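I have placed the structure first, in the form of structure tokens, so that the comments after it can refer back to it.
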Amino acid sequence: MLADNMTAVEESIFPAGAQPVPNAIVSAVDVGVFYRENQQALSGVNLDFHAGRVGALIGPSGCGKSTFLRCLNRMNSEIPHCRITGRIEYHGKDIASPQQNLFDLRRSIGMVFQQPNPFRMSIYNNIALALHRHGMRSKNELDAAVEESLRAAALWDEVKGKLHGSAYALSGGQQQRLCIARTLALHPDVVLMDEPCSALDPIATRAIEDTIRAMAQRGICIVIVTHNMQQAARVSDTTAFFYLGEMVEAGPTQRIFDAPSDARLQDYISGRFG
Amino acid sequence: MIPKRSIERVGKLATGACAAVATVLVITLIFMVAQHGLATFTVDGISPSGFFFGTTWNPHQTDDAGSPLMGALPMIAGSFAVTLLSCLFVLPFAIGSAVFVVEIAPGFGRKVLQPVVELLVGIPSVVFGLIGLTVIVPWVRGWAGGTGYGVFSASLVLAVMVLPTVTSLAIDAIASVPDSYREGSYGLGCVRWQTIWNVVLRSAAPGLMTAVILGMTRAFGEALAVQMVIGNAAAMPMSLFTPATTLTSVLTMGMGNEAMGTVYNDALWSLALVLLLMSLAFILIVHLIARKGARSNG
Amino acid sequence: MADTVAAHIKKARTQDRIATGILIATAGVICALLAAIIIYILVSGASKVFDPAFLTGKPQQFQAGGGIGPELFNSFYLLLLTLIISTPLSLGAAVFLVEYAPDNVATRTVKTAIEVLSSLPSIVVGLFGFLFFVLTLGWGFSIISGALALTMFNIPILVRVIQQALEAVPSDQRDAGLALGLTRWETTVHILIPAAIPAVVTGIILSAGRVFGEAAALIYTAGQSAPVLDFSNFNLASMSCPWNIWRPAETLAVHIWKINSEGVVPDLTAVSNGTAAVLLLCVLAFNLLARFLGRRLSKKLAAE
């Protein structure tokens, strides 16, 4: 599951000088997040993410993993009084700069949420809505795009006969795959996933993990927040451990789980706290 | 394709404009009513103490000093009298049915009583006024003597009119008492009524007070229904069963009669200003209760 | 000791039973009250309600046999105009408050203004309409003055309803839309509002019922006179053209009040009761329509 040039990746992830690595798609440099009244949720996070790799963010509840994830597509800007410090670069450009179009950014960096949240519409319209709003008007193009994204999310065979039925008639796992398809339809090169399987049963979880691996193989950079260490071990190439608002340790997944350096990470992995 | 930034900007502007229109209308209203209402004192030279504490309202007559008899106390007293009395009538019924809906029979309450209350809200005020005129006034005349018009009849009509408002707010207040309070009381061995009386009602008190104040707001501001049954005699409400007057009924009848700009007309606007200020005062009281309630309930 | 405890428990239980009885009686009284009101109005007005001459005839000043034809039309026309003006305004203001409103003084002013508007007595709104639309703008007693006064009356009701409907849509729907690169406007228009439609429609129809029965705001804006209407007249400047918004227009509710305060029409009681019955039937119809449509739309939304 791990790539051959793992050493190069490992060395490039946490450069001591906090300079973003050129071949990383997304780089976070000294990122901090402050909520209303200067309540600090996150501080000093340095992480890189690469194309075709799955990066997992693990750690106990409330330690900032999801907060960090939401910085990457600027979803935290929607929260009033939320302040983000540091710099996040996407393809080398600062995502907070006025030159970066917020809406284009979110097309290229997609997000899948913890609870499946399909729109109250047909399966077809769930995928077609964003495409339509982004300018795709021809019915043929839309049909093709819907099929392509449903195939990419491994959902096509199950729903091809009921594309115009309600999305709410699907099971939880199918709804989550629909949400993935909806995001993939916009051809993002980064997909952020915030505990996508925590509301699903093991079989649906397995299907989503297969989809994640397929997306990575197609070159998409995936950042996944997960509570489930086994899932992180199964699915990810690199893992970062968050604790109380700090990114404590990060590296190749195998090394993190086999030979963690930080004591807190050791305790977390051995289950001393959750 | 229109760039997204423009879409967002246009959306923000368009909706902001709608909000601005509503705000500007309210500000204009307050400004214009205040301007005409204050003219009585600033332009026409009527003394405020004579206005607020004088008991004779006869603008076309002048007193010995030559200024018109514009004592607004009968109207102010009348408005307060019908408001307070109607809320006194309403209180047991509103709280009783609210307790019934939340504590005793939620199913029946939701399916029957709440639609009933909603329907009562929808009945136009003139219809209540008409029923007051054709049913209540003759009935009151029957056992209390006199004409049947007066504060009592008006309060009865107003009570039925504000009942739905107070009841639905009371239901909200009682329903928002956390179940853990009730469970704690039952856990100590109390029966249902003790729980309701000692725990639920006490904890819902701020919400219930808000419900009553909002009912009073509606009662204070009701015009037509009151005007039809109060008798419209500009005298202090000495008895519950003699014709009296309120701010709203004087305005309803008088505004069309006097030419704009005359001192008589300006006096009516002063009454309107009093009405406006009372409504604002009621809102303020509700806010204060809410803030105090939030502090004590944590 | 055990005796006093037992006696206390017995007393508590008796209290509980009495209290429960009183509460049931209270609820019963309210239901009976509503039934009595509706039955009384409908029965006393029954003779006129089904009389076409009453429903289409002209009102009489001094003679018996007056009808409510123009008033009936005026009520509906005013309602239509009010909804056309107030719905987009309220929708915009509600969307602004839910989606865009920054946490600053301007927003608090808007919220306070709408709250003030909702507690204002409708007579004060009517008097402002008189002062501003009828006199200052010089429109005189007219449909447009009445419609704008009713709009001011209706805005706080609609804004609250639409705001609640939008806030009831789960926030993850909004998050999903934003994460796909949609603007807040697009998310609101294409995702939130469609999901909130049943509640919004119900709210609009219920507000229509309130507007239909409103009189205090109209006495000094739309006026108390009902010019004879000629439905074949399409000259919008003419006083007898029904669609002319510059003409005075007495509505059903105002009519009830007017003939009772003047007290000169001989068959006053019959006309009042008949008008009240028609008014009540229309309001009840709005109420039923709101419920029915709301349920149908909810089901359609869930099933589609």
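Chains: A, B and C, in written order; residue numbering restarts at 1 for each.
We adopt the following convention: contacts are C-beta pairs under 8 Å (C-beta built on N, C-alpha and C of every residue); 3 or more make two chains touch, one makes a residue touch a chain.
Because the structure is predicted, anything quoted here is derived from the model rather than measured.
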Report task. Select the category (line, ring, star, complete, other) that matches the graph of chains linked by touching. Result -> complete
Requested in this report: Work out the mean Cα position per chain and let me know which chain is farthest from chain A.
Outcome: B
Query raised in the report: With respect to inter-chain C-beta contacts, which pair, A-C or A-B, contains the greater number?
Result: A-C
**Report entry** Distance-to-centre winner among chains (Cα means, whole assembly as reference)
**Finding:** C
Query - Interchain centroid distance [CA atoms averaged], chain B/chain C, Å - result: 18
Query raised in the report: Whole-Å distance, chain A centre to chain C centre, using C-alpha means?
Result: 49
Query raised in the report: How many angstrom between the C-alpha centroids of chain B and chain A?
Result: 55
Query raised in the report: Which chain C residues sit where two or more other chains touch them?
Result: 181-183, 186
Report summary line: For chain B, residue numbers touching 2 or more other chains are 4
**Report entry** Overlap residues in chain A, where contacts from two or more other chains coincide
**Finding:** 103, 134
**Report entry** Residues of chain C that touch chain A when the two form their complex
**Finding:** 102-103, 170, 172-173, 175-183, 186, 190-191, 194-195, 301-304
Query raised in the report: Which positions of chain A touch chain B when the two form their complex?
Result: 101, 103, 134-135
Query raised in the report: Residues of chain C touching chain B in their complex?
Result: 12-13, 15-16, 19-20, 22-24, 26-27, 29-31, 33-34, 37-38, 40-41, 44, 88-93, 95-97, 99-101, 109-110, 113-117, 119-125, 127-128, 130-132, 135-136, 152, 155, 159, 181-186, 188, 206, 209-210, 212-216, 219-220, 253-254, 256-257, 260-261, 269, 272-273, 276, 279-280, 283-284, 286-287
Report summary line: Contacts from chain B onto chain C in the complex sit at residues 4, 7-8, 10-12, 14-23, 25-30, 32-33, 36, 92-93, 96-97, 99-101, 104-105, 108-109, 112-113, 116-127, 129-131, 133-135, 160, 163, 167, 190-194, 196-197, 214, 217, 220-224, 227-228, 248, 251-253, 255-256, 260, 269, 272, 275-276, 279-280, 282-283
**Report entry** chain A residues within the chain C interface of the complex
**Finding:** 73, 75, 78, 80-81, 103-107, 110-111, 113, 115, 117-122, 129-130, 133-134, 166, 168, 179, 182-183, 186
